[in-house]
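Report on the following structure.
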Amino acid sequence: MSEATLRDHAIQQLVLANRILAHENVIDGFGHVSVRHPTKPDRFLLSRSRSPEVVTRDDIMEFALDGTLVSDDPRRPYAERFIHGAVYEARSDVMSVSHHHAPAVIPFSLTDIALRPAFHMASVIGAHVPVWDSQPEFGDTNMIVDTLEMGRSLAKTLGNGRTALLRGHGAICAAPDLRAICMVSIFMKDNAELVLNTLPLGQPKYLTGGEIDKAGAMLLGDMPLARAWDYWTARAGFPGI
Amino acid sequence: MSEATLRDHAIQQLVLANRILAHENVIDGFGHVSVRHPTKPDRFLLSRSRSPEVVTRDDIMEFALDGTLVSDDPRRPYAERFIHGAVYEARSDVMSVSHHHAPAVIPFSLTDIALRPAFHMASVIGAHVPVWDSQPEFGDTNMIVDTLEMGRSLAKTLGNGRTALLRGHGAICAAPDLRAICMVSIFMKDNAELVLNTLPLGQPKYLTGGEIDKAGAMLLGDMPLARAWDYWTARAGFPGI
Amino acid sequence: MSEATLRDHAIQQLVLANRILAHENVIDGFGHVSVRHPTKPDRFLLSRSRSPEVVTRDDIMEFALDGTLVSDDPRRPYAERFIHGAVYEARSDVMSVSHHHAPAVIPFSLTDIALRPAFHMASVIGAHVPVWDSQPEFGDTNMIVDTLEMGRSLAKTLGNGRTALLRGHGAICAAPDLRAICMVSIFMKDNAELVLNTLPLGQPKYLTGGEIDKAGAMLLGDMPLARAWDYWTARAGFPGI
Amino acid sequence: MSEATLRDHAIQQLVLANRILAHENVIDGFGHVSVRHPTKPDRFLLSRSRSPEVVTRDDIMEFALDGTLVSDDPRRPYAERFIHGAVYEARSDVMSVSHHHAPAVIPFSLTDIALRPAFHMASVIGAHVPVWDSQPEFGDTNMIVDTLEMGRSLAKTLGNGRTALLRGHGAICAAPDLRAICMVSIFMKDNAELVLNTLPLGQPKYLTGGEIDKAGAMLLGDMPLARAWDYWTARAGFPGI
């Protein structure tokens, strides 16, 4: 495939990922999902400031890793694009990033109970989900990660993981491709709901470290990702894409 | 724009706000939303007694602040229109008012746990959400705010805030325009759901006063409101309006 | 209106009530709703054994109060039609009866926490919701109220009230007409959800007896019922009926 | 009916069961449902590796009880087909098997609180729902039942029952036909939700053993199954099938 074709394909998949994460109630009006540029690793593709549920191809913009828009497009970008750039900058293995406010995950950013995988599909979120708090480093803010400095601080908390929580705000996910970012984001939400439902019954038996490693590697293989993509695209109204 | 055009535009936006708040499950069959008249500040626009989910342009009526209908329309107005008039009377900064029974907020009117913003989007509800109880002043009633006297008592409890709870009944919201009233009403509900989900895990870390001020000011700016309106109207079946 | 027209109208309204209670998630595949015959008070109208979500005019049958089918229709009636007959027999003021398994109400049949109205709309369920248990009188059964004897036992527990719970099974509601049966059934469910959400926060302040009487009388008036019917029929896909 | 007609009919019903269990939110993208071959009891019919929500007739494959595909179809089968084969092998009375991850059931696999029927419809899940844990026998795995050996271990835990839980994973159900597998799977989920809602209020009064036997036998009779199938197919978009 030519460079232009690869970029076109990435944009199409990115639009689908926007619609999927909106349809599955992971991303509301104020989250976003991006993909690293397929041939220029120092760039990433992300919608203009628009809700993922209504994003189309025309909304996708190209950014440098420091969040600079690579065109003279007059439309407004997301204020929080720095989250994406900072993660791509820090993690060469990451090809896709999401930022969401799935309601079920936020309680784990507000209390001392760690979010840990309790069922097999959630193994993809990783054994440890750190919580980033803007207070110690930045004090009272508007809670938005709208500078490269804040993005880098958050990326540091993410470390080598796949998911992190933002206190009083939401979460970020990082994955090797767009199908995987959907899986990580969706099962992060499902796992949070499961644990919220379980805690009133007692302390849950979480997955072991070995189970997390083995199940996570299996689920991010081609077969489960293809089956899930087939399912999510159909549900979002784009069957067979 | 001419006075008639401004009024027409306000009515169109008001119908959309009705549909949005119904679609987002904030207002059920018995809530309502109003807007102050765009050129006559001593008047407000509100549907006849009809569920917001089915309100159309033809249903909108014009009222004086004391709840008097300004026309000889024979159709029945909402019994609780006094809520709106009393808030507009007391608060010249308020251009839109909603009254809803979002199920998640009512528990905070029934117990001593205060509703406080726990995530950034909820900063718009304000740091303090007072609870109005009809008992001390009015004794056993049918629980409906159907006199100007009760409306004024409720407006007094609201004070300078954006939100207040009604014991065993629901909530009111007050905001500088129709887009903002949707944001305040929707995130009031989302915040209540979040806190209900968090309390069984322990005491949540709420937003600080400084975070509430900064995030609230940012969210009620034009960019977030435009993005949210684009999202809500599309979801309610009126994309691009 | 002629007797035939009155019966036709009752059937049409009964079909709408079936669809409304299914659409509002009060009645699942195994509940039912009936209306007393408009001109023959010793008869009632009820669907053949079919889920309310798919009931049509052709499904409605006519029964005597003892549950006998008043025609040679070969189709199967509900096994639990005796619930309806026994309530009509005991309560001349009741013109409509529903039986449902709304998930939120069943916990109040399984523990010692009484279901009481906690918000104004729920005043219509009445101050006291008794629980009927089939065990003391009938021992181990298939849990179905499939004899007139069991129906009468249940009606006795209902007494002069509007609602009762069946242990490990569901609820019945009794009201003065079809619009009112929808209101009682729907707000019984909403109130149960509200109380389930509130109890983890502490003991709720329930409505007072005076508030229940006044709000209940107001809500079962023509204006609120008309507004609610307009809303429910539109939501169920029959706007303006 | 000829053998081919019987097989065709079984496939059609199996596709409907796939759609029903997806529509009722019992099976997500990664569950499955099968039926024993109607004339060859040592075979079963199951979709290729595809989400039940999008399964069609063309997706159905035929397997031997050891999980071997009985054709040269190049498409990928479910990795967990061994669950189905092992249950059919152990239980000649079982004609249909489902495997699902309904979120409400998983908490009962993570804590010591047993899942027991608390309302009459749930009698079909049986008095005792055992929990299978892969750890003691297989140690750290990817949590997938992807060998005949694991399938047989799980079938042993199921014993003569209708339902079993898999720790940190989901559940299996076994029933005498496709309509019954839908009923068992759906009411297993509904019962789990009910008990989760009830436990914060206190210890629920569960059904007695006698009630479970009597109600379960009644519900798996032709009348309730026909009524439920009529309801589920209509809801899934296939009315009257």
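Order as written gives the chain letters A, B, C and D; numbering starts at 1 within each chain.
Methods note: a residue touches a chain if its C-beta (ideal position, glycine included) is under 8 Å from a C-beta of that chain, and two chains touch if they have at least 3 such contacts.
Because the structure is a prediction, the values reported are computed rather than measured.
For the self-contact between chain A and chain D, the two sides draw on mostly distinct residue numbers; the shared fraction is below half.
Chain centres computed from CA atoms place B at the largest separation from chain D. Chain geometry summary: the mean Cα position of chain B and that of chain C are 33 Å apart.
Put simply, the C-alpha centre of chain B and that of chain D have 46 angstrom between them.
Counting partner chains per residue, chain B shows two or more touched chains at residues 200. On the chain D side of its complex with chain A, the touching residues are 29-30, 49-51, 53-54, 76, 79, 101, 103-104, 106-108, 110-113, 135, 139-144, 167-170, 196, 199-200.
Note for the complex: chain B touches chain A at residues 118-121, 123, 190, 193-194, 197-198, 200-211, 213-215, 217-218, 223-224, 227-228, 230-232, 234-235, 239.
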